[in-house]
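Each in structure tokens, the structures are laid out below.
Same chain, two partners: chain A is paired with chain B first, then with chain C.
This part shows the complex of A and B:
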């Protein structure tokens, strides 16, 4: 009885201690999040060939997500909720649905980290493994399983992954396992800590498993790939390279050939005050690597083949974007950025920026493996190819010259000229259509009324005899920073050989930003086209209507 | 701790030693399949288009599967969607599209070609299979048994087809099933875009032989109710339809009747059969 009374007397003390601990814990919890909702209301538009029967009741598209993460000390966890009800036109219909496709928990110690659930990972340049998410494409190949990172000694990091990949809103069984090691000599050896020479070496191995259910042909159930990489810096120079090899991996993308795949990328850069020079070379040969050999859509990629052409943001410059050709390409890129000094004859009071970029991507050379087998014939070894030989077939060529000039405190402008050669037959799968050679001119001029109010005027022209002919684009954008912007644009296909298709794509937008929240509304037409991010592309159908976007984070 | 590290490295390396399946020629699997096992026939709906460059390759894949167990594999080439649209001029003015094909294309959510549906099976609501997946699904199905066999009797007279479809039950069955009866046509010689040199000219085969082309669904895109409730082993159900060929460019000698019974709820095909219009 005495014990019971003693316990009763002590209970409030325990309660207070426990409450204090909980309060202390809660104070240490950090919560972060981001949200985005993109929506589109579709209207009929006879000029674009959009009528009620085409819309067929699908009047609204909605893509939204919320990312929430919690952390306390060495532990963190989070989830991502997505709702695509239904997906905006141009996104894969398999994204339809709502739920939690990304849920994770991580424990991180000084030299050790483990994640269970969903995670993104990249080994080196991503040639043998890159899982990532790109909202603009509706692309997410996140892994679901276990990821472990271990740093036994400073400068040496091992990463291991094991899991399945996300496949839209559907489940998938393809299994991926990978290991990566990276050695940073400057971190590992104190004698090199301050050295001008910077050296990082790395290597990875990845394997995928998919059962062979084909009764007609033998298919490899386990397909492994290996990569080695180096990053060498000395003073103002930097050199990075990676080579990857993949064993036989017959797939729908490569027409079910058994040839091993290879990928090689190298870049050299020099950077000093006012001058930057960058050169890059890439060769890929039969290097599509997906966790499902039969999938051809933008999903389940294990490898990532980085693009080596300039990424364009102006609308007409981005009209014919290059999509990486995983079955084989060889190309290079040069870029020079030069800042003409202030108070020089050409630079004037504020200086002037000049950027020149040239990139070219060809097909690789392919020879028959024997006299009785066609090049790339299904269910054969496919072909042979010399490593450094360029085919005469040019996929893409792009020369751009850009001048960035501030004239005075009120006026500044960007002027750009581009020549582009685009093999639409290969890149968009329209065989027989001629290569599109185009000249593009852009002037982007900004006038500042006050430090917070400015008007931007953009005029672009694209001249070509091929495809849809000439285009022009105009944009007026009035900004009241930091909160408001209003804009009106028109893209006009005035040179379309079919006079009925000389359509104006008019649209008007406004947006409001407050702290970390941004809201934008756009009303008007969107032209049919292709959106690419990092060489991965999706088709956007023509549409007409009202769209909005809301983003916020905390 | 060191032992754990060493063991971890050995474990990781052993994973990769086992993770390489290098296949040596010949790549063809000699085993094939036993067509005498199972009575479940397979319906491959090849959603295609005459301006789709990869579609001749898919048609060849379907044909390879048909060669495995000839009459037990039925193909319907459904021309629908963007790549099936006729062009206002040039080589691709012919309109292969059909009302039923368009409706199926929308229902099964076929957004790109080539793609297909095999026995209208769905996984988590997804019916679409890429051509590379047809073989595995088809061979699995061919080994299975189903409760019904179909017989088709055709009579073509005065440019009109009369077709009698009979379902013979070899097992009891319960549920709601519909019957669809279609006409397909072989050897329609029209241009087709192509990117496979092993099949024909690239980028266009002018005299491509279009096979198994859907011409019409005689009793509507979703057919008519055929089984409702319980049917016992040994029973038979028959339906007869007529279809005039007047006003069409169909060549009766090249045409087939395809009849299939499917589950009205999930659309999965219970059984399928094909017979020439004129034997």
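This part shows the complex of A and C:
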């Protein structure tokens, strides 16, 4: 009886608790997500050589995804649905399909977190491990497995990953295991907390497994790689560096040589109010690292080798983009950003920005390993290379000067000059074609009619004697904040040595934005070219038609 | 009996502990990103003493993003005096250019906090598809408005909302 009364007395408490818990939970559940659909309708265009038989019924390309995530306190989970039922031209046809390539659940505590399912991870600069996605390129090498992060004491973080790697829509391949540790001296040692010297050290080890299917040669089934890094800051100076080493890993990319690989990056910067100076050195030697040694396409990369030149955004400056040569490259970059102060003679009322950049990337030097083996001979040690030696073969070089200035409340502009030298034979794999040397000039001027209505005018020129000759590009863009934009562009290959190919690439677009929802339509021609985001590039074929993009977030 | 009491006490404690408010901004995903000098920074540390917060995703390769942040920078002194708003600019540049962000920001003389999200973890956590993408958070750290893309003059629209949030007005459903 006593028990019964006690229960009766306690019941409301339980009920209250339970209800409080449920309401509390429901209030704490957060659901977020985003959607995007990009589509293109293709039309025949004789001038571009696109006729009905080339389109061959593939009139529509459509790439879409939906991302949903839930979180309740320390727990979160989510998924992404993707549909590429006929991917847009220029995306890898292997992306064809639909489904849930990305499903995950995470528990995060103050010093600990665990994720199961798909995840993205980067160790250091990504030299030995980076899984990431770039929707604009159709690139996704997410890992599928388990990822654990643990911070035993403040300033020391360990990350471990174990999983297989996404391969287009074709499932997962390879087996990757990795561990990374990072030690922040300023966080760990109270004596250094306020120190002018900031020091972070890190190290990683990664290994991939792939069975040796070769009858004749013995291939390493487990390929290990190691990297060490440091980030040292002292006052206005900042120095970061990372070195990575990989054991021998014969692959289709390196012509199946048994040479170990190396990668090295170092950068030094100086920053003070109104001035930033930056210098970087990078060397890559036989460092393609994929979870399948026989794959040569843009997929299954474990390592990420950032290209070290500036990434250009204006269309003609980005016409010949550099892509990292994983088999070997050595290069450097300098950049200066300076703001001429306000109310000075040159700076005027608003100040003026100046940016100067120089980058150069050469091939590495290679020598025979012995008299009977030629350089890079299949199934040999390949070659020997002197670490700091630049070969005479220049892959890429550019020098640019950019000035941005606001003249008054109505007018402002960006002016840019660039010289570029581009070894198309190596970078795009067109043997025999001469190096493209070009001069590029850009003016980008904005006029404000009212605080919310403005017109932007862009004129660009690219002058070269090589490849397709001279180009010019014009753009007019009218925007009404915060909702509308209208633009028209023309890219004209007026200097093409072949007079029949002096084509105008005209297009017009408009877009409507409301909060986080944006809709955009474009009608016209797209020039054949290369789109690069980060370190990966995608070939875009010439096309003509109507394209649209819808994106939203909640 | 004892067990019951203990159990009920535990469950009440559990509820209380869940309801407990810590200093963290639990409206944001908990993701480790980096400061410009390489220190680890947890995104739940984005806070501003009960005043509004702007979070803007950008990258060195994104022209409209840089224009938006230039526009913020032109106005930041007035905005801070009037509303106490704090701006966090999150660079999603990858390791190709993360080391370049600090000298670039100095060269621009931007006067707000810039953080690095080199592998897009915070970007994914906030469901950002395209940049520039800008969020406005109220004094409780709750997202009350967001906007993608930048056109000349968008900063006026945003600042009208910042003022409303600073005055404690409800923006309605965002």
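Simple rule for what comes next: the second predicted complex is superposed on the first by the 532 of 554 C-alpha atoms of A that agree within 3 Å, B and C clash if a C-alpha of one lies under 4 Å from a C-alpha of the other, contacts with A are read in each partner's own complex, and residues count from 1 in each chain.
Keep in mind that, in the parts below, a residue touches a chain if its C-beta (ideal position, glycine included) is under 8 Å from a C-beta of that chain, and two chains touch if they have at least 3 such contacts.
Computed from a predicted structure; not experimentally measured.
Engineer: Do chain B and chain C fit side by side on chain A in the superposed arrangement, or is it a clash?
Structural biologist: fit
Engineer: How wide is the angle at the Cα centre of chain A, looking out to the Cα centres of chain B and chain C, in steps of 10 degrees?
Structural biologist: The C-alpha centres give an angle of about 150 degrees at chain A.
Engineer: After lining up the shared chain so the two structures overlap, which partner does A:179 touch, if you call chain B first and chain C second: first, second, both or neither?
Structural biologist: Only chain B is touched by A:179; chain C is not.
Engineer: Kindly classify A:216 by the partners it touches after superposition: chain B alone (first), chain C alone (second), both, or neither?
Structural biologist: Once the two structures are laid over each other on A, A:216 reaches chain B alone.
Engineer: Please indicate which partner A:165 is in contact with in the superposed arrangement: first for chain B, second for chain C, both, or neither.
Structural biologist: It touches nothing on chain B or chain C.
Engineer: By residue count, is chain A touched more by chain B or by chain C?
Structural biologist: Of chain B and chain C, the partner in contact with more residues of chain A is C.
Engineer: Just chain B (first), just chain C (second), both, or neither: which does A:452 touch?
Structural biologist: second
Engineer: Output check: A:307 vs chain B and chain C. Expected answer is one of first, second, both, neither. What do you get?
Structural biologist: Once the two structures are laid over each other on A, A:307 reaches chain C alone.
Engineer: Which value in Å is the smallest Cα separation between chain B and chain C when the structures are fitted on chain A?
Structural biologist: So the smallest C-alpha gap separating chain B from chain C comes to 22 Å.
Engineer: Touching chain B and also chain C: which chain A residues?
Structural biologist: none
Engineer: Please output the residues of chain C touching chain A within their complex, sorted ascending.
Structural biologist: Touching chain A: residues 1, 4-5, 8, 11-12, 14-15, 18-19, 26-27, 29-30, 32, 37-40, 60-63, 74, 94-100, 102-109, 118-121, 124-130, 133, 145-149, 151-154, 156-157, 174 of chain C.
Engineer: Give the list of chain A residues in touch with chain B in this complex.
Structural biologist: 56, 92-94, 152, 160, 170-171, 177, 179, 205, 207, 209, 213-224, 247-248, 250-252, 255-256, 258, 293-297, 374-381, 425, 429, 431-432
Engineer: Which residues of chain B touch chain A in their complex?
Structural biologist: Touching chain A: residues 5, 12, 15-16, 18-23, 25, 27-29, 31-33, 53-54, 57, 60, 64-65, 68, 106, 109, 111-112, 123-124, 126, 129-133, 135-136, 139-140, 193-198, 202-204 of chain B.
Engineer: Hey, which residues of chain A end up touching chain C in the complex?
Structural biologist: That would be residues 2-3, 6-7, 10, 13-14, 17-18, 20-21, 24-25, 28, 30, 32-34, 36, 67, 69, 71, 73, 76, 108, 113, 120-122, 124-126, 130, 132-133, 135, 149, 157, 182, 184, 186-187, 198, 200, 231, 233, 238, 240, 267, 269-278, 280, 304, 306-308, 311, 313, 335-339, 350-351, 353, 355, 446, 448, 450-454, 456, 479-482, 484-485, 511, 513, 515-518, 533-535, 551, 553-554 of chain A.
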